[in-house]
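Consider the two complexes below, in which chain A is the common component and chain B and chain C are the respective partners.
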Partner chain A sequence: MLDYQFHWRAVLADLPELLGGAVVTLQVTALSVIVGVPLAVLLAACLRGGASARRPARAFIEVTRNTPCLFQLYLFYYGLGALGLNLPSFTVAVVAIGLNNAGFLADTYRSALQAVPAQQTAAARSLGMSFLNAFWHVVLPQMARIAYLPTVNQVVWAMLNSSLGTLIGLRELTGVTQFLQSRSFRTLEFFLLTAALYYVLAKALMLAAALLGRRLARGAP
Partner chain B sequence: MSFSPYHEFNWTDCWFLLQGAGRTILLMLVAGTLATVLGVAVGWLRFASRAARILTAPAIDVLRSVPLLVLLILVSSVFGIAGFDIDVFGTAVAILTLYAAAFAAEVARAGFASVDRRTRRAARSLGMTAGQEARHVLLPLAARTVFPAWVSLMLALVKDSALVSAIGYVELLKASQVAVTQTNQPFLVFALSGLLYFAICYPCSVLSRNLEARMKHDLAA
Partner chain C sequence: MISLRDVSKRYGLLRVLDGVSLDVERGEVVCLIGPSGSGKSTLLQCVNGLEAIDGGSIAVDGEAVHGRGTNINRLRQKLGIVFQQYNTFPHLTALENVALALRVVKRMPRRDAEAAAARQLAYVGLDGKADQYPSRLSGGQQQRVAIARALAMQPHYMLFDEVTSALDPELVGEVLQSLRKLRADGMAMLIVTHEMAFAREIGDRVAFFQEGKLVEVGPASQVLDAPRDGRTAKFLGRAAQ
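Moving on to the complex of A and B:
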């Protein structure tokens, strides 16, 4: 261990490619959130509905929460492939991580939805708003404030989970690192740098979320 | 009859998957026990001393902001460089322990912080030594509060253990991959292994949720 010679030059020369991988990581994260959050709101609404809506939603949530995310990726990639539906690994990563996000956020959103008094909807409806308008302009903004922090945590998790895409051949940050280190075998240096990049990405997401959160909290009671 | 490299999915494959599930459970038991012990120790240090809190914060922060897959590759490459004579199971246990302990430490710290200081002072004023108070008052009360969180942590550990398939340990997910390459029936095999994961995780998550609900009820009463 003590006589290990670090060689950073080859690693730093590949930094642009690593940053390219980081961009793919952020794309997968962003798209999986765009898939996951609306679906989670829908699931939350289903959970508050009758048994015929609640049961399938509950089943979906339990399956996503009680099996590993990597398993879900494999199921979509190899399982659907066997049924003749060959999706590219980028799509699989977005869809699988997106569904995973939805499963983890649904229960949080349900309790956030519950925390908005029913009178709010009734009042909005009596002012002549349609049901969807009332939900969009009155219920959702109040729900968003409650559900904001758990959502931010889930976004960071989605970013970390996107590294699993490597195992189905996606060239995101980990995948690019895996490929580049196979050219020079400076595994330790490459993955130390990648770990540092993930750390910076996670902190940057948290910072961005904190700034956005201040805007969201404005005018809160 | 034309030659096929594959054979139909049979009971031997089924048994192979079950063995994989057994190894997943073994990983959870070993890494879970070690992580709990380490987590409680670090959590107590973080609870009791400001210096320890500041010193351990960066390590916990990094462990929580870097994907497990990257940590796995990093640690196994460090073990390789250091010339540790350690098998895949040892590496898997080491990294899962470290990773889960970072979360367990926070759970433990929150548990210790939840115990009312007056209760602890009352114990001391009854003539208990600091050690007796810690053993008979602090630990049992803290353990009670964080038990549901601890169960969810073990649940996360089962799911995280799927990642050690990436360094070659044949747990449930790796076993299913092997079975897929032998039978070419990915959908069937992954459905089965998903069922096995679900059978391991679901009871834990129901237990955790029920206990949490009961505690909330107790607090309200």
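Moving on to the complex of A and C:
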């Protein structure tokens, strides 16, 4: 065991395939954020609303936050499958991880929403803006500034969570790694390389986030 | 004309507005004075429909503010309001603060909206500050951004709610200067103020407000120098100290 021979050449030859998996990982991550963030905003608005809006939103959040993400993937993949609704694993990963994102971000967004003074809305409405325009142009940008960092953390979480897609047959980075190592038996090399790729992806996301965040921070005291 | 007829409003058991009737004609300046908590802010918020009323009616150029068929977003464009706490949008520059509603509400192209916004900033003496964020501006400058922002919609009436109360004394003058300029240009205004000297100077009429009721309305010099109601006299006596 200790005289394990590293064979990187064979592994590097498969790098394009591995990167293909990384692309799928990024696609699932991006789409799950596109699903999750607007839904979290909606949930946050519901949490600030009356009981008939607040209760279902709260129930949804409780379920998504207190059950394993893998279970949520299974629910959509095998659960809906049992009902005869067979969704592709890519779709299931996007939806399940997207809903998971929403559940985890909703309370953060609620407090961000609360932190924007009601007077800001009043000022916007007094200029003749509709409720939606006031929300979109005045409240949301201020909310985004507060909720930005937690959102970035959630994006990284979503990226790491997407590896669970392997277990429903998704060929993302982990899935491809699994396949390649079983074909070549260069298990350790592949796992080390993939770990490095995940690390680079996470760091790249954080870097992109920091650049984007500078724009959001405009006007901050 | 802004026309209030027997307007009443309550918060729970508290009668905040109690049978208020008042007209503000085009081009007229009416100053509203009265103790804190008497309902002056509430009155202004009702005039532009930010608050509902429980009785009576408020009409602007004949259109009921709280009427069922009223397009309140359109009606509000006739009514600029400036608040005590400037409420500038912190994520936008001074220019963007003024241009936003022009783009979103009046649907002006960005270039035109920004040109119009620049003119309004110049009007309130903020030509050099267009690209500054509110966090970099003094209270007086922020308040003038808020005035420019309201003026940009080309309202027929301006409502001012103690716009100098949150300011350091040395910044009050620059804001009052903007109001004087508006008066000279014939803007109709309803001004809530604690500055009696300013009310006398700028007001065509002064209305004294107490406990949700309009106690006395009349020409500025009459109400301030020779009040007919004992309550007005008492308030002015206390305010003079």
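What we mean here is this: the second predicted complex is superposed on the first by the 219 of 221 C-alpha atoms of A that agree within 3 Å, B and C clash if a C-alpha of one lies under 4 Å from a C-alpha of the other, contacts with A are read in each partner's own complex, and residues count from 1 in each chain.
Just so it is clear, a contact is a pair of C-beta atoms (placed from the backbone, for glycine too) under 8 Å apart; a residue touches a chain by one contact, two chains touch by 3 or more.
Please read all numbers here as calculations on a predicted model, not as lab measurements.
Of the two partner chains placed around the shared chain by superposition, chain C is the only one that A:R218 touches, whereas chain B remains out of contact. Contacts of A:T194 after superposition: chain B is touched, whereas chain C is not reached. In the overlay built on the shared chain, the residue A:P141 is in contact with chain C alone; chain B does not reach it.
Of the two partner chains, chain C is the only one that A:S126 touches; chain B does not reach it. Touch counts on chain A: comparing chain C and chain B, the chain ahead is B. In the superposition on chain A, no chain A position is in contact with chain B in one complex as well as with chain C in the other.
Interface residues of chain A, counted against chain B in their complex, comprise 1, 4, 62-63, 65-71, 74-75, 78-79, 81-83, 156, 160-161, 163-164, 166-167, 174, 177-178, 187-188, 191-192, 194-195, 198-199, 202-203.
Partner chain C is touched in their complex by these residues of chain A: 117, 119-120, 122-130, 133, 137-138, 141-142, 145, 218-221. In the complex of the two chains, the chain B residues touching chain A come out as 62, 65-71, 73-74, 77-78, 81-83, 155, 158-163, 165-166, 173, 176-177, 180, 184-187, 190-191, 193-194, 197-198, 201-202, 205.
Every residue of chain C that touches chain A in the complex is listed here, in rising order: 45, 48, 50, 73-74, 76-77, 79-81, 83, 85, 87-93, 100-101, 104-105, 133-135, 146, 149-150, 153.
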